[in-house]
Amino acid sequence: MDYATILQILDSTVRLATPLLLTCLAGLFSERAGVVDIGLEGKLLAAAFMSGAAAAVTGSIWLGLLAGIAASMAFSMLHGLASITFKGDQLISGVALNFLAAGLTVVIGQSWFQLGGRTPPLTGNGRFEAWNLPFAEKLADVPFIGPLYYELISGHTALTYIAIACVPLSWWVLYRTRFGLRLRAVGENPSAVDTAGVSVVRMRYASLIIAGVLCGMAGTYLASLAAGFVKDMSAGRGYIALAALIFAKWRPWYALSATLLFGFLEAIGNRYQSISLGDFVIPVQFMQALPYILTVIILAGFVGKAIPPRAGGQPYVKER
Amino acid sequence: MQKMPKWADAVLIPLFSILLAFFFSGLVIWGIGKNPFEAIKVMVDGAFGSTNGLGYTLYYTTNFIFTGLSFAVASHTRLFNIGGEGQAMLGGLGVALVCLAVQWPHWTLALPAAMAMGALFGAAWAFIPAYLQAKRGSHIVITTIMFNFIAAALLGYLLTKVLKVPGAMAAETAKFPVGAHLPTFHEMLAPFGIDFNKNAPANVSFLVALFAAFVFWILMWKTRLGYQIRAFGNSETAAKYAGINPSRIVIIAMLISGGLAGLMAINNVMGEAERLIDNAVEGAGFIGIAVALMGRNHPVGIVLAALLFGFLYQGGAELSFWESIPRELVVVIQALVIMFTGALDNMVRIPLEKMFLFFSRKKEV
Amino acid sequence: DPAIIFDLGGKFDKSFNEAAYNGAERWAAETGGSYRDVELQSDAQREQALRAFAEKGFNPIVMAGFSFGSALETVAADYPDTKFAIIDMVTPAPNVRSVVFNEHEGSFLAGVMAAMASEGDTVSFVGGMDIPLISKFACGYAQGVKSVKPDANVIVNMTGTTPAAWNDPVKGGELTKAQIGQGSEVVYAAAGGTGLGVLQTAKDEGILAIGVDSNQNYLQPGSMLTSMVKRVDNAVYEAFTAGEDLEAGIFVMGLANDGVGVAMDEYNADLVTPEMLAAVEDAKAKIISGEIVVHDYMSDESCPAY
Amino acid sequence: MSAQSEKGRQATAAPTASPAPAIELRGISKAFGPVQANKDISITVQKGTIHGIIGENGAGKSTLMSILYGFYKADAGEVIINGQKVEITDSQAAIAAGIGMVFQHFKLVENFTVLENVILGAEEGPMLRPSIAKARGLLKQLSDEYELSVDPDALIEDLSVGHQQRVEILKALYRQADILILDEPTGVLTPAEADHLFRILQGLKEQGKTIILITHKLREIMEVTDTVSVMRRGEMTATVKTSGTSPEQLAEMMVGRKVLLEVTKSPANPGKPVLEVEDLRVRDELGVERVKGINLNVRAGEILGIAGVSGNGQSELLEVLGGYRKASGIVRMNGEEIDLTGKHSDGQSRRKRGIANVPEDRHDEGLILEFQAWENMIFGYHNAPEYQKNRFLMDNAAIKAATQAKMDRFDVRPPNPKLEAKSFSGGNQQKLVLAREIERNPDLLLVGQPTRGVDIGAIEFIHQQIVALRDQGKAILLVSVELDEIMSLSDRIVVMFDGRIMGEKNPGETNEGELGLMMAGITEGDQ
C-alpha cells in the first residue's frame, strides 16, 4: 500500500465519517439529556429528503440545509412531544419516527416530483463545493506534508469542517457552560435539576433541538454528496451512529474517534472488496461485513462497559 | 384504588389511539389527493373481506407474533434485542438446511425438525451477543445491530455462492421437497367443509405461533425461569440478592429470544416460499420490536398487535394494488399507528383518566 | 386490459423497472389504452399480485424481474386462459412468454467503448447487490474491455449484500472514488439508485461513466460515455401490444434484435469518436455472426475475464 | 373543630406577637388521582424556630413539603411567606421565596462533583468556570460557618450519605434559603452524623433561619424542635409546643392508639453457636479491603447486634453471609463450613442452609417494586418445593394463599396480595420482607436496618417479630445504625469500625456514649 493509497483511504474515511459524526453528536446531545434517540436514522432520512427537495427547487444547498434542519427539527419535536411532554416510550417513538421518515419521504416526494420519491438531481449551487484550504494547491508538491494537506485535509465540503468543529464545540458546551452542566445533569438525575429550579422539559427540548440541527446537517451532507435524494438513502447510517455513540461512551472526542473508525473500516471494505490468498478468495461479503465484525471484536475485547447516562430512556415523571 | 377501570385502560386507550392514527393517516391520504374513506374500505376489505386476504393477513401476523415474542423475552430481561432480523435470517438458514437435507416423508416429521433447527440457528446467532453482554459487558444493542449486518452478509454469501441452484437467476435455494410442505389453511380447513382460499400463504405455522404465545405466557408467569427473568429485568441488584445468576439469565433469555425469532422461518421459509430466498425476513424483525412494545410485552397484546400489523401489511398491499397509492403510504400508516398507540398513548390516557375521575367523584357526592 | 408488476426496486428506479414502466407508458400513450400496475413490498406478494390481477381478468400480465419465476410457475397453471410475460427469467409454460436479455453482449460493447475511451488501462464497474445477474453485466463488460486491451485492469465492486445496496448513492460514490484512486478512467454502474451516486461522482471527479438499463446519458451530460440499454421497454410494449394473443415461448433479446445495445444520442455525441463507433459496430457484427462469443456468467457462474 | 386543633392553634398563636410568621399554609389540599394526600391543611411556623412534623408512613408529610417547595402543585390553598402571599408555581419560585429543601431521597447528580451539584441551577453566568470559582469561595465560607465540611471536588457517588446530606444543605444555603425543610434527614445517618446535623440545625436557627423537620423519631422531635405538628391520613391533627408534650402523647396522636416505645423482651436463652465467622476478609470491586479479618459467632436464641457507622464493613459482612459477595476466611453454619468464593456461594445456597436475609435496602434488594406482593413473597425462595406445582410450573394459587396468610399475620396494610410492592408504604414494604424471611423459619436471620424510614407503629411491630423469632430459639444477626435499636433489641453488641470489630459489649452494661466512642474507632485502651 503506497502513500497515495493510504491518503485516498483516509480521505474516503473522512467523507464517510462526516455524516456519522454529525449524527453521532446529535445522539450524544439528546442522550446526554436523557432522551434515547433511535430515531436518528429517520431524522437523517427526513433531512436528506427535505434538503434535497429544497435545494433542487431553489438551486441553493444553503437553503436546502435550512430545510433539512427544519425537517429534522420537526421530527425531533415530534419525538419530544411523545417522549417528553406525553412521557411516552422513547424507544417506540424512535422506531415510529424511522418508519415515518421512510414512508413520508417517498409519499411526499412522489407527490411533489413524480420521480418515485427521488428529488431531481442537484447541480451547481445545489450542492456543497469542496473547499480548498489556503495554499493547498501550492503546497501540494511538498513531499509527504504536501499531499497530506492537499488530499486529506483540504478539499472537503463546508459541512465536513463544520462537523469536525462541532467536536470541540460540543465538548466545550457540555463541560464548560452552564447549559452543558444542566444538560448533563438532566440526563443523570432529572429530579435534581427540577428541584434546583430548572425546567427538565425545557432542557430536554433544547437538547432535541440541537440534535435536530446536527441531524439536519448530516442529512443535507448526504443529499449534497449524492446530488439528490434517493429513497432509503440513509442506509442504516443512523444505526451505525448509534453504535458509534455507545462506542464513544457518550463523549464528544471519543465520538470523533469512533466515527472515524467506522468510516475507516467502511473505506477499507470499499477499497479491498476481494482479496485472494493464493487459491482462496476472501468473498466480498466478508470484506463488507468486516466493519461490523471488527466492531464486535473491539467491543468484546477492548472497550469496557459503556455506562449510559443514568436517566436515559425514562420519561421524567414527577408524580411518581 | 385505580384511576381508571382496568377495562378502560386495556380497551379504550388503544382504541382511541388507533382512531387517532387512522385520522392522521387519512389526512396524509387526503393530502396526496386520494379518498381516505375509500382507502380504509379497500384495506379492511382486502385484509379481512375474503379468505384470500385473511390468509395473507394471518401469514404476516404469524411472522410478527414470532418476532414480537422474541423481542418481548429479551425485553423482560431488560435487554434491547434489536437483532431479531438477523436471528430470523439464520433461523431461515437452519430450516432450509434441514428441509433440503432430508427427503421428508411427511410434514408432521419435517415441522418439528424444522422448528428445532430454526430455533437452534436463531438461538446460536443470539448467543454471541448474549455471551458478550453477560461476560464482557459489550452493549447488546450494538452487537445485535452488527449481527444483523453480518447475518445479511453471511446469507448473501451462502445464497449466491453455496446454496444457489446452479444456473438459476435468483439467489435462492432449491425448492424444498414435497414432504416438507406445510398444510395451508385451505388444506387444514377443507376436512371441516370450510372453504379457505387455497392460495393464501397462511399455514399451520399460525397455530404454532399462537401456541408459542401461550407457552411464552406460561414461561413468563408460571415458571421459575420466567419469574427469574422478570425479576432480573426489574432489578439486577435484587436478583443478585435473591441468588439469581445474572449471566445465566441473560444468556438463557437471549437464547430463547433468538430461538423465537428463528422459529419465524417455519412460516416464511418453509410455509410460504418453500425455499430460502435472499432477504426472506423483510424487516419482520424490526416490526417485532414495535409489536412487542405495543403489546406491552404480554402475549395477548403481542398477538393483537401482530394482527394489527398483519392487517396494515395486507390491507396496504391491496391499497397499492387497486388504488395506485404509493406502497410507502402503508409505512406511514404503520408509523402513525406505532406512534399513537405506543408512544403517544398518554395523550389519550390523561384526558380519559380525568374524565373517569370526574365521574367517580360525582358518584361519590 | 394489460397489467404490469414491478419488482421491489419500484417503478422509478431510473433503470430496470423504469424502463419497463416507460414501455407501458409508451403503449398507453400510443393506443390510448389503460393498464394497471403495482409495486411490491414483499416477496410474499408476488404470487398474491399475480393472482389478484389474473382473478380480475387482466390480460396479459407482465412481470418485471426474475424473482417472479417461482410464483409464476404455480400461477400460470391455475389461469390457463391468461397470458403472462416475464422478463429476465425463463418459465416454461404454454401461456408464458419469457423474455431474457443478453446483457453480457450489450455490456461487452460498453466494455469496448470504455477501453477505447481510457488512456491508461484501468476501468471499473460498480454493481448493486451482489447477485449473479449483476455479475453477468460485469463479466460481459470485462470481456469487452479485454478484447481491446488484453492487459487492462477491470476493477469490479459490489455495493452490498442486502437490498439496501440498490439505494445507497453515497456508498456508490465512495466506491467510484476508490476506483478512481486505483486509476479507473471509466466506470460502469449497474446499481439502481446507487448508480446515480456513481454517475454523479464520475462527473464530479472528471472521469467517464456508463449507465445501465435505461438510457441514462441525459443524467450527466458531458461525462456519460454511453448507457448499456436493455430494451425492457420494448419487451413490455410488445407484450402489451400483442394483448391477449401474446405468443408464448422464450424470447431472447440480444444484439441481433436490438434487445440490448449502447445508447448514442446528443448527450454523448462529443465523447464518442468515429473509431469507437466503428469498433462497436464491428464487435456487434461479430457477436451477431458468432465470431465473438461473449461468455455468459450465468451459464457457469464464472468469468474468464477476471 | 376538634380539641386538638384548638390546642394547636393556641400553641402557635401564643408566643411573640412581633414579626410575621415565616411560613403560613392555609387550606392546602392535594390529591393524587383518587388518593387525597393532603386535606385542607393549615399550619403556621414562626421565624427562627425548628418545627417538627410527624405522622405515619403515607400520612402526607412529604407531599405537603413538596408543595411548599413547588415540586408538586396544590389543588387548593395558599402559601404565605413572611407575611406575604406567594404563588409557588415551581421550585424556582420556592427558591426565590427563600425556601430550601433536603429531600428524603437526595436530589444529587451522582457523578458530578460537590461543587457542580451546589451550583446547578444557581450558576452565576452562562460560563461555568467563573461560576465555579466564585462558588468555591462561597462554599468554603459556608462550610466553615456551619461546620459543613465537604471536599468540593469529590464526586457525590464517593461520599457517604452523611456527606451527601451536607451537600444538600449547602445547596440550600448557597441559594440563600431562610427556610430549610428536611424530610427524614436522619433516616440514613449514623447517630454521630445525626448529632452533627442537629448541631448544624441549632446553629442555623440561631442565625435566624426557620427549619421544618420531618422525622419518625420522637427522640429527635423532643430534642431539637420547638413546636411539632402531627399528621394523620392527609390531615393535620394537632400542632403543639414540644415542651408541652411527651413522646407517648405524640405517638398516640400519630397512630391513634397507645404505642409501646420500649421493646419488652425476656432475657436471652442462648444455645449452641449457629453462625461462626473466622478471619473474614472482603474486598470490594476496586480491590479495597472493606472487612479486615473479623471473628464472631451468633448462638441460637440470641440477637447479636452489630453497631457501627455505616460504611465500616457491615454491609459487606451481610452481603457475604447472604451469598452475594465473595470473601476469604471461614464461615461455619451449624458447624459446617460454607463456600465463600465458589459455585455454591450464592443466595440460593445460603437460603438452603437456613440463612434468611432482610437486606438493608428494601427498594433495591429486598423487593421487586414492580412485582405484586405475592410474587415478592417468594423472592429468593422461588425454588422452594412447596411453591412448585410440578417440575415446570409454579403453584401460583398456593403462593397467593400463603401470601395472604403471611400478610394477615404481619398486619400488612392493605392486605391485598395482588398489589404491587411499590404501592405499599415503607413500613408495610418492610413488613412484607420480614414476613417472607421470618416465615421461612430460618436458623439464622440476617437483618439490616430493619426500621429505616418506618413509622413508629410499624417499628413496634417489627421489633416484636424479631424478638419473637429469637424466643423460638433462632439466631439473629442485626445490623443497624440506630443505637437505640441496637441497645433495645440486642442480647450482645459488637461494634464495627473500619472493617474490624472494636469490641463486644453487653447491652445492660454499656451506654450510648461508650458505644459511640467505639464506633468512632476509640477503644477502651485509648481512653
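All chains are identified by letter, namely A, B, C and D, in their written order; residue positions are counted from 1 within each chain.
Just so we're on the same page, a residue touches a chain if its C-beta (ideal position, glycine included) is under 8 Å from a C-beta of that chain, and two chains touch if they have at least 3 such contacts.
Because the structure is a prediction, the values reported are computed rather than measured.
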item	value
Greatest separation from chain C - chain, by CA centre	D
Length of the line joining the C-alpha centres of chain B and chain D, rounded to whole Å	46
Centre distance in Å when chain A and chain D are each reduced to the mean of their C-alpha atoms	47
Interchain centroid distance [CA atoms averaged], chain C/chain D, Å	75
Between chain A and chain C, centroid-to-centroid distance (C-alpha), Å	34
Numbers and ranges of chain A residues touching at least 2 other chains	110, 117, 231, 236, 285, 288-289
Chain B: positions in contact with at least two other chains	152-153, 156-157, 326, 330
Shared interface positions of chain C, touching two or more other chains	10, 130, 161
Which chain pairs touch, all of them	A-B, A-C, A-D, B-C, B-D
Footprint of chain B on chain C - complex, ascending	10, 37-45, 47-49, 51-53, 66-67, 69-70, 78, 88-89, 129-133, 161-163, 298-301
Interfacial residue positions of chain C with respect to chain A in the complex	10-14, 18, 130, 156-158, 160-161, 164, 167-175, 177-178, 181-182, 193, 196-197, 200, 219
Chain B to chain D touching residues, read off their complex	1-3, 218, 221-224, 227-228, 230-231, 234-235, 237-238, 240-245, 353, 357, 360
Complex contact set, residues of chain B against chain C	52, 56, 59-60, 152-153, 155-157, 160, 164, 166-167, 169-172, 175, 199, 201, 268, 272-273, 275, 277-280, 282, 313, 316-317, 320-321, 324, 326-327, 330
Of chain D, residues touching chain B in the complex	33-35, 322-324, 346-351, 357, 359, 361, 364-371, 375, 378-380, 382-383, 388, 392-394, 396
